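For reference, chains read A, B, C and D in written order, and residue numbers begin at 1 within each chain.
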Amino acid sequence: MRRIFALQFPTRTLAASLMLAGASLGMAQAQTSATIGMQLEPPHLDPTAGAAAAIDEVVYANVFEGLTRYRSDGSVAPALAESWDISDDGLTYTFHLHAGVTFHDGSALNAEDVKFSLDRARAEDSTNAQKALFAGIEAVEAVDDTTVKVTLSAPDGAFVTKMAWGDAVILAPESVEQAATAPVGSGPFKFDRWVRGDRVELVRNPDYWGDAVALESATFKFISDPNAAFAAVMAGDIDAFPGYPAPETLAAFEADPRFDVVVGSTEGETILSTNNKAEALSDVRVREAIAHAINRQEIIDGAMFGFGTPIGTHFAPHNPDYVDLTGQSNYDPERSKELLKAAGYENGLTLTLKLPPPSYARRGGEIVAAQLRAVGIETEISNLEWAQWLEQVFRGKDFDLTIVSHTEPMDINIYARPGYYFQYDKAEFQDLMKALDVEADPAKRSALLKQAQKMIADDYVNGYLFQLARAGVVNAKLKGLWQNAPTQANDLTAVHWQ
Amino acid sequence: MLAFLTARLLTMIASLLVASLVIFIMLDLVPGDPASLMLGLNATPEALAALREQLGLDGPWPQRYLAWIAGLLRGDFGLSYTYRVPVSGLIIERLAISLPLALYALGLTVVIAFPVGMIAAATRRSWGDVSIMGLTQLGIAMPNFWFAIQLQVLFALVLRWLPAGSFPGWQDGLWPALTALTLPAIALALPQASILARVMRSSVLETLHQDYMRSARAKGLSAAGALVKHGLRNALIPVLTILGLQFAFLLAGAIIIENVFYLSGLGNLVFKAISQRDLIVVRSCVMVLVFAVIAVNTLVDLTYGLVDPRLRKH
Amino acid sequence: MSLLDFQGLEVAIRGQTILRPLNFQIQPGEIYGLVGESGSGKSMTALAAMGLLPNGSQTRGKIELEGQDLLALPERRMRNLRGKALGMIFQEPMTALNPVQPVGQQVAETLLVHGVSSKREAMDRAGDRLERVGLAGDKTGLARFPHELSGGQRQRVCIAMAIALRPKLLIADEPTTALDVSTQAQILELLKELVEDEGMALMLITHDLAVVAQMAQRVAVMNQGEIVEQGRTEDVFCQQSHPYTRRLFAASTHKPARAAKVEERPVLAVEGLSHAYPKTRPHPFAPRPSFQAVDAISFQLRQGESLGLVGESGCGKSTLSRLILGLEPRQQGNLSLDDQSLAPGEALGRRLRRSLQVVFQDPAGSFNPRHRVERIVAEPFHLLDKRPSDWRARVEKALLAVGLSAEDRHKFPHEFSGGQRQRIAIARALIIRPKIIVLDEAVSALDVSIRATILDLLADLQREYGLAYLFISHDLSVVEAIADRVMVMRAGQIVEHGPTADVMGNPQHPYTRALLAAVPRIPDHLRPPAQTEQSS
Amino acid sequence: MMPVRSRRRQIPLALVLGLALTSLFVVLALVSFIWTPYDVTKLDVANRMQLPSAAHWLGTDNIGRDILAMIMVGTRTSIAVALVAVGVGVGLGLPLGLLAASRHGSLLDEAIMRSNDLVFAFPSLVIAILITAAFGPSAFNAILAIGIFNIPVFARLSRSAALSLWQLDYLRFAQTAGKGVARISLEHILPNILNILIVQMTIQFSLGILAESGLSYIGLGVQPPTPSLGRMLADNRTLTALAPHLTLIPGMAIVLIVLGLNLLGDGLRDLTDPKLARQR
């Protein structure tokens, strides 16, 4: 046994040598470029034709811009649209564009391009992954070069927010074909080259219409293996890894003055999704039993090494309208057992637990399984790739339980879709969402949202685990990256070396 | 010799055809729809149908197979579903890493295995031999990815002698590229070298017992002289076979090592393409790998002719 | 002074004594015969002289080459003598040459190793030497690879390698044992010539008394690591003062007493049997050429009769035996067995197989090493509908009939000597009382003394059971000893066929005549008077 | 004078070492059926990543499971997967090889051998990934993926071994005794190639354990909560630099099992084939 204690030494020597090496590394760094690590490589770079978060993480706000944009605190700000007017009936939005904006290829960005982009997104043959964002648009009209009028079929309080999504960025008709491989946008960075499987390189756009950016160039490097990510950051190959995939190693970076560990929130509600139409799970008592069997803190500690905020409903805790309902589904295994007994499962229950690849799901799944076992629910775990998960769980609805993080902002409305994979079908909730859609008054909206949060928590639709934290490791001298992730983006506009 | 060559070539083509059919059918059976993967959770059915048609995912399989083969013959591997760029370009880009890595590892394998195997054979049953053989057993027993991680921690993170991973490309010169490939090459080569050294040793020992070695001694050659002049070339024949297999393995088997050292090689491409159901890429990559194996085997067969005149006639 | 002087040489390998004190001398320019059966230590004697004993050998005594003790020489100096003063050729020419090197280079290497000439010169001299041994010494001759040469040609290359530097002594260890008789005669002739022309001495190691009789001036007879008798060839051959020498002589000229009654009825008849093997295509689209291994052969074998089939390697005799045994489907020609005629392609049924059994050459490969003798001998019972209930008793009886004990049935084959194993094989062939036994080189691998006892056994069994033998062999003298009639086979055809005495005494076909002429015989003047009487 | 060596037949050192190591792990695996120091599914997040101590002899992993317990059960899993995969290889490869040898030179022989070559030409890891992609990762599919590539190994080996036996006289004799090809294959060939089969089985067995660990490492092997040595490496791989014992211990376990099996194979070969033993 003595021998194994000796294994500890490399850790200490490692930390020491890393500190020494830190100084020299900083000196050698070219101070006008930055390398950003990402776990997933985008399949292509057209944010209007794919759902992959990685697309936006590269191009959002850097290469492409929309009419409006998210800021790091989650609020929506003007982007290409300087300002906008909303008609009294809430049906007509008139956007006023910045004058003199050009695309990277030198052509001017005008109202026609906006009309083209929005029409393309909502067209019959559109391959936009978030087509629903544009469903409410009835007509788009280019009034003059810098004015666009959008007419909605019904009032939509969130329309300006929807236009801030990456899926709503503005492209030129002449370059739309190449957007997937060599995107031409209007943002502060131009696409330079893409070494597939390895990295995407961007360079500063000297003709940018807005404030000039500090970085001359930026590289997004794709490293999927968490261990490789650790090695790359430690070795200094990567200046910042905002969505760092190995939370268990963050302690090492915290102890190292070369690095800052940045923990922010995301829009990712991580839930134990429950198939509400599955035999046993259609019984609310069983779902409640599961909720009480779960020890959220243990999952956050075990799977995320402490990074994450417990949630009791499908809503982001940093949102002003959030209601903390965690107490309603507190950890109470005895209550679980009683509920199960009441539901007729005192002799046990076996459920499938299908887990997609991210570590929150894989690790969390093992812990959830252990916790459920403690109250008498056996789980059969199967680890799935995303493709299989989509096929079996999301489309096929062939599952009892799964763990997934819903990263779209403000997506509580998915509970209003009876055909959605967890199959929650409640007319009252659907009415609630309809009311929300047409409500523009902020106070009333807030009340409706709180009511919705409570309703799904009362029904124990899913097991609500935690809000996914966005833990990133950043070179201590690199400043200006977003702390939170209101949308999936690595906005480099404010990034600079100290 | 010409007859032998054409026969080998015909067998090779036939094998490739059968292999292509097997690959195609196998991949057709893999469930998972690339279109829905690309459009994500909120995609509408119409959008999916539109994309499916764009990607050419519809149609009966024999028709799609023939289209694929026809494309291959023209050097057109099709467009990647996800990347939307020609597959051939992707493969060539990746081979620029995988091929040098495989060759580097193969070179290391030979450089380590040949002398080690010969020394062990020459000093058989001595303590040197026993410890060399013990070490090779250890080399074979190590999972190479585990070994790779240990190498990475030690040489890249603690000692900082070599980069932890990534490949800078060849444009910055030979040196950075080589240093970047050194750790992965070692991780790949050591188990292979262990295997080859053992083969080398037993192959050399085998020749030591041949009659012609006694003839050589009777001519006045020393034991070592006989080994070098008559034993080696004969011992090389089984070694060549193994070497051919190893090259094929190194080209395709580096997937996990590429992961550890975040290299974007061919293995990495296949791995990602499978998880993204970019089956057109998977299909072509597997085909390229199978082609490589069959080509290398054919090459090894032809090399036998050079080493062994007995095979030249047929 | 003698050229090579063995003074009390003793050799032990890993503690086991191989050679007891040996004392003999070889004079310059003479041919010295070392004769003995396998395991007598004659090869070890040669290897000791070359300094090439296996690892772990211990030696005592002296081997002096012109007064210099070879055993005391360091390896470096010994190496200088090998190839230069001492040349050696081995039994297996097929494997004695490096398969991946042209023969010219291999001959030239002898010169290069000793640094006596430049590379160019060495090749020239290699050409000369190859010509001297009867091979083409031009460019193409030098560039040929061993696999392109026949066995006899390869042995010539080995000789050229050994004599390239005109050694004082050439050691030839069974140089012709692996060769056909006609080739053997040529190689022996070559060796004789070389000794005369080059003035070197030859130490000829062989198991064949006739070869020694033809070649050697002086001879030593070895048995179990000892020289039991030595002297001038005439003296040793005529006087045979040691009992072992006498036994060896008797065995090598042994003719079993045969008194089987030959019936007229043929038990086996072959009519126009032909067989061709496909060869590899010269190119992928060419028609497949074939090789006619057996070409329209017809003969009959009568009950109680021994029919000999002789031929050199590659003449098709093993294919013929396979066809008769039904191991290969017959392409052409009828086979009738026990009055039942089978058309081409028609397989032997179990019933017919009962009358036909076989004994093969290799005593080691003839048995499943994991089965006990009992199970091995009982295997042919498979041909009966049911294994007889008294099968153990029958196995015992068969073992007793071949001169083994009943207890031997519990042993494994590796616990027996080569001769005993051949007895087991015969017992196995006998067990279901066949009418015919095919003896496919059945005694070729045996030492002469054992061979003689097996031949006696075969004769006894024939008399007792009225067996018919088809005796296939490359060795004319063996066939002569046992066969009533003999067939001479060459290139798939029977070239001569008749009663043994006629064929041997008055051969008609030129091939038979050449074959007979090539067989080494002990000349009459070297036979002791008593032996001449005994053999007649 | 050269030293005299004793003629006593030595039991190879490799055999002794290999047998010791292999039986150690087999015993560990067997004991795990009736006893493990802790329940392998019991989490103790508060006490995770502990170094070896009296309470946890080999420490705890990243979610607080006892490493010794996981090694014991993981060994069992790894052995089971590799064993069945070898079984698949022998079960299909051996009959194919024997069949091909008995019909040497026939079209069937050619077809069997060509398909073997074809399987060999496929990159095994890629196919394994494809299989799990198609049917989902599971122990069964891992076995399938590893087993498929064992088939040609055993087919080839048994064919060439059987072919050399078919040259022997006792097989010819068995034919003259009227025995059919199938019966001869079973009665005469199988027992005599068993020793080389067993040697190859130990080799493939150890390769199977390595392959399972590789598949599990990329998440395609045995699924949680069943522990496997490869998944232990995968689960803890990011902690290699911070808590080395988490990957060192399962890594060493794999090394030792595979080493044990390889030594066992070597030793067995030396023991059963004295000719080779002399050379080695």
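The criterion applied here is as follows: a contact is a pair of C-beta atoms (placed from the backbone, for glycine too) under 8 Å apart; a residue touches a chain by one contact, two chains touch by 3 or more.
Just so you know, these numbers come straight off a predicted model, no measurement behind them.
Between chain A and chain C, the least number of touch steps comes to 2. The mean-CA centres of chain A and chain D are about 44 angstrom from one another, to the nearest whole unit. With centres set at the average Cα position, the gap from chain C to chain D is 46 Å. The centroid of the Cα atoms in chain A and the matching centroid in chain B are 39 Å apart. Multi-chain contact residues of chain B (touching two or more other chains) are listed as 31-32, 149, 153, 157, 259, 275. Residues of chain A in contact with two or more other chains: 10, 14, 227, 229, 234, 357, 385, 387-388. The residues of chain D that reach two or more other chains are 133, 237, 240-241, 244, listed in rising order. The chain pairs satisfying the stated touch condition come to A-B, A-D, B-C, B-D, C-D.
Here chain C touches chain B in the complex through residues 50, 52, 75, 79-84, 87-88, 90, 92, 95-102, 109-110, 113-114, 145, 147, 158, 161-162, 280-284, going by the rule given at the top.
Chain C contributes residues 12, 14-16, 55-59, 322, 325-327, 350, 353, 356-358, 360-362, 365-370, 376, 379-380, 382-383, 428 to its touches with chain D in the complex. Interface of chain B with chain D (complex): residues 15, 18-19, 22, 26-27, 29-32, 124, 137-138, 140-143, 145-146, 149-150, 153, 157, 202, 205-206, 208-209, 245, 248, 251-253, 255-256, 259, 267, 270-271, 274-275, 282, 285-286, 289-290, 293-294, 297. Contacts from chain B toward chain C in the complex involve residues 2-3, 6-7, 10, 210-212, 214-222, 225, 229-230, 233-234, 307-310, 314.
Chain contact summary for the complex, chain B toward chain A: residues 31-33, 36-44, 46-47, 50-51, 54, 82-85, 90, 93-94, 149, 152-153, 156-160, 163-167, 169, 259-262, 264, 268-269, 272, 275-278.
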